[in-house]
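We just call them A, B, C and D in the order they show up, numbering each chain from 1.
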Amino acid sequence: MVHVGIVGHRGYSGAELLRILQRHPRVGPIQLEHREEFAGPAIRNRKTLAQLPCTPEAVRGQGLKLVFLATPPEVSMELAPVMLEAGARVIDLSGAFRLRTPERYTTWYKEPHTQPALLAEAAYGLPEFCRDRIAGARLVANPGCYPTAANLAIRPLLEAGVIDRTHGIVCDAKSGVSGAGRKPTLKTSFCEVTENFSAYSILKHRHVPEVLQVSGLEDAEFSFTAQLLPLDRGILETIYFRATGVASADELLAIYEKRYQNEPFIRIFHSGHVPDLRGVARTNFCDLGVTLDAKSGRAVVISALDNLVKGAAGQAVQNMNLMLGYPETEGLL
Amino acid sequence: MVHVGIVGHRGYSGAELLRILQRHPRVGPIQLEHREEFAGPAIRNRKTLAQLPCTPEAVRGQGLKLVFLATPPEVSMELAPVMLEAGARVIDLSGAFRLRTPERYTTWYKEPHTQPALLAEAAYGLPEFCRDRIAGARLVANPGCYPTAANLAIRPLLEAGVIDRTHGIVCDAKSGVSGAGRKPTLKTSFCEVTENFSAYSILKHRHVPEVLQVSGLEDAEFSFTAQLLPLDRGILETIYFRATGVASADELLAIYEKRYQNEPFIRIFHSGHVPDLRGVARTNFCDLGVTLDAKSGRAVVISALDNLVKGAAGQAVQNMNLMLGYPETEGLL
Amino acid sequence: MVHVGIVGHRGYSGAELLRILQRHPRVGPIQLEHREEFAGPAIRNRKTLAQLPCTPEAVRGQGLKLVFLATPPEVSMELAPVMLEAGARVIDLSGAFRLRTPERYTTWYKEPHTQPALLAEAAYGLPEFCRDRIAGARLVANPGCYPTAANLAIRPLLEAGVIDRTHGIVCDAKSGVSGAGRKPTLKTSFCEVTENFSAYSILKHRHVPEVLQVSGLEDAEFSFTAQLLPLDRGILETIYFRATGVASADELLAIYEKRYQNEPFIRIFHSGHVPDLRGVARTNFCDLGVTLDAKSGRAVVISALDNLVKGAAGQAVQNMNLMLGYPETEGLL
Amino acid sequence: MVHVGIVGHRGYSGAELLRILQRHPRVGPIQLEHREEFAGPAIRNRKTLAQLPCTPEAVRGQGLKLVFLATPPEVSMELAPVMLEAGARVIDLSGAFRLRTPERYTTWYKEPHTQPALLAEAAYGLPEFCRDRIAGARLVANPGCYPTAANLAIRPLLEAGVIDRTHGIVCDAKSGVSGAGRKPTLKTSFCEVTENFSAYSILKHRHVPEVLQVSGLEDAEFSFTAQLLPLDRGILETIYFRATGVASADELLAIYEKRYQNEPFIRIFHSGHVPDLRGVARTNFCDLGVTLDAKSGRAVVISALDNLVKGAAGQAVQNMNLMLGYPETEGLL
């Protein structure tokens, strides 16, 4: 039994991470208590969990091989070097180490990046496209929830050359409220969300540069709107583009089938079936479906996942499995 | 057009009050800006509204006849004497002036009462039982949402002597989330409430003494549990007791019919129909229904209302109509 | 008091129509009882309403000037000529008379059109663009809910020439469940909808040809996906296009402001404010907001309305007001 | 790997049963296809499952040791003898075999009981109170969801003699919509349930006699109301009674602690913590909490469980584990 630490177990992603790790047959989670941005009551846990102060001494003393940071970016920038120094590898669930340059980070997160060397070193934790780098990395930047759904849908088609980039890609994204975190705000209070639906960060969400980095799209080619659904968990993205060089939806599906044939967490939906949020809730799957108007080339891809699992904690455990040499699906099926 | 002031228009009750008053044909609402406990963004209003500072000068200068306080009890205790001094009559939506003695207030609200003379003077604003006192009052204590539903259901039956008090009365109450106010808390955040249902203040809710005062029940005769429904607005109370001296549900209904025959906001449901929350949403009605097991005398009354309307802002306007000599239903149907 | 008839008052649109007409100061609604596709229990109504059999004799005998058909298309095709013959003008809320040719109807509704002459005669009931024809029409085809939101957003910009049509327009539409009608189906049952979000009729919804007819777009220029929100009422459409010849969102807003300056039911949202579903619930408003990335020309318009009001019953009453010479907003504010 | 059959896998209980059995390490589920009352589309299953016709030949040919009937009572009465005859033991999730006499069945289910001999033979499947009989039974009547929550709360206190039966017990029950089954009805359609809360079967729910049978209460001592919550799954019962001979909530808790000390699926909540539906969702736990007003003896017990798990499919698997000699928690933690 290998011990791994979690900082930020009171947030929704951290709590989901705890839940997954408690069922994982090879690791034992330990809560590392840090003064956190949101210090609300802990989410109920079934078993009592080991707790330690969030210090290098505790990490070294306990011999923790790996620490998950489910903390805000500024806390992650502070803790990542400390944990690495103490001998633990790090998977960070925040946006701190996802963008490639400090400048880009500052542009989107409105603050300086205090760890440019680590930023340069970090591996981007999207296993379907970065598996080898993740396995050997000291520091993994776990992807954002929206970019995971978008990149898994878009990149295989771009690689196959079937998207007409001159027309651009539209990604209309909808997320459950848990994606906004557990800290109480008016915007996420029940009476404001129930029976409502609203858009935010239109064309300027900080997850956009993650999509551009992974897909290779230019800013002008990618239009993204985030929207808040009156439900707890799940992201569904409706992605529009012009297909080129394909005569049927089946040809697009074949590209996905081929690219993802060995991927345990990607499910391709064939005609007549459309991914929805119930189908992915509480799973680490990303479901993909395709519609094509063959005459005009207009295509729609639906990409659905659970923002707390494949969009956060589940993907983090998938990355941990790669880093520690376990079967990639361990604890996730 | 008579001008009336509102302090606390940013909360849910205050905002509902604004909405009702904006459609009222005889009054024009004015927002009085007070430093408030919750200073979140205002709820969207259709028309631009007159605003004034919340001072005696403004109240006197504008000649406001009446001011609504949709503020926390401690703010109401501070503002009520100021407004009265400035020549306005006051309807207070908080719990500040509902209980009959300062001692009782301190027991339930955990703080001293700073205005005992006003407490003694205040009329309890349940029109169906206190109409005459309300009409002539300077200060009206608008009832709590739970006690309104309970007292309208219980008191006519107690007066008619058909409740066996030795068995006691059980009132199992359920409320929508808007009853908890607009200030963001973890307890009222979407992800904690959706797909959940939970009890709170079991046997010790501060609305209990209001029920006892109006009904004449003893503490030991009344068991009350408050519970949070995953919906925005509405209170439904399921009230259990042993009936005595009645042979059918119709006899119980006849008591209600007689007592409420001239009441515009009480609707009695006859057999086969049961009040529910959809039926009262956005109305000033309280709906009542009865079930009786004639053999054993076990009886169940369902009482339903909208906590923001008949349970708060609507009842406050009903009280205003009485105080200013308008038809009681003006602006409320 | 002019009497108007309603066929189909048991469905959600018909019930909403009843509610609006009961508050309308100039008309008295009468329920016309027809054997209907869905004969479920009536939605609760506050007042007892006059009822008549749905026959030409009753319509003529009562001297009904106007009849609303809130019925499925095949019933509307059967009843429209009967009602016209009996001397009533007709507003049909179904899709029976919206498309311009019988062929187009058959393509999208999968059945022959039995009233081609009436189809040719019918006026399309979108007041903001067809006010004059509606006022004098015998038969008005009340628009679909999705096309109302789409056309009000798109057509002014197309007329102003600021949409680059070569890039096409994407309309990602989300609707509350009441849009699917009141007849119980597995798809609209609570347990299937709550905590879920799903797409349907991707690129082939029968509302698409209504958008093309009113906007003048070609099929290949317009991509439309309908999606089901876990809420009762409301439609929000997120519309993407490339703007041409405009340098700022304000220029796009100015086009709307000018085009809709005299329109009582269109509200333009300026920067920092985004339309959402709470803001339009239970109103006849359509709210419009704009975001532009000036560098690339990528633009997003949000269009929101209540599918049962501006998307159905409210717009039908707006049309009735035009037809009967009443102020257009009567009963709707 | 022992094979077990499921009839009725398209309903919510049957689908939940499939899900649990697919993760169970010792059994392999087989779908038995019966013409069913509700023949809607199957709930999505992760793996392809073996299917057989629902015939004695198939059951015998496959050597099925046990068959679950997740069917309406009249279908269960038809199938139970067939399955037993074919050599399988039976766990029936319907109400067909729960009541002790055919007369009682007819009173509550409004139809004759066609299998009185099997009714007499059936063991009532509440493991916490009937473990030994279940282990050896050929036919187990899996308890109703409401009675499971009620009996687990009430019976230990009745056995301990701490409930004053002259005052009677009130059980105010609230259930998620999945308890009403998957067949689409107006009552369970999304638009009727969302933002609503309503009571049904007041004082005459067919689950009442199950509570009386297990607890030993008389009809006149037990008042029960069922109510529909706007959520998918979960039952919470608020149970009121007069305690006698106890001086604190802790004494009541001690009774539960002692009675349930070896029970893996009962959790006792101590002061300051109250069971809610989130805490039991997707688990086989029943959570119990107690509040007491020591002066008057008024007591409130909260009992919460997931109606599809401990209230149906999970408890059925618990019974299967007992019948087949597996650890009772196998596949359920």
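To be clear about the criterion, a residue touches a chain if its C-beta (ideal position, glycine included) is under 8 Å from a C-beta of that chain, and two chains touch if they have at least 3 such contacts.
Quick caveat, the model's predicted, so the values are computed rather than measured.
Steps from subunit A to subunit C, minimised over paths through touching chains, total 1. Farthest chain from subunit A, judged by C-alpha centroids: B. Subunit B and subunit D have Cα centroids separated by 39 Å.
Averaged C-alpha coordinates give centres for subunit C and subunit D that are 46 Å from one another.
Taken residue by residue, subunit C touches two or more other chains at 192, 194-195, 230-232, whereas all remaining positions touch fewer. Considering their complex, residues 167-168, 170, 172, 174, 192, 194-200, 202-203, 219-220, 223, 225, 227, 229-234, 236, 238, 240, 242, 274, 276-278, 281, 291-293, 295-296, 298, 300, 302 of subunit D touch subunit B. Of all residues in subunit C, only 12, 40-41, 177-178, 182, 184-186, 188-195, 230-232 touch subunit D in the complex they form.
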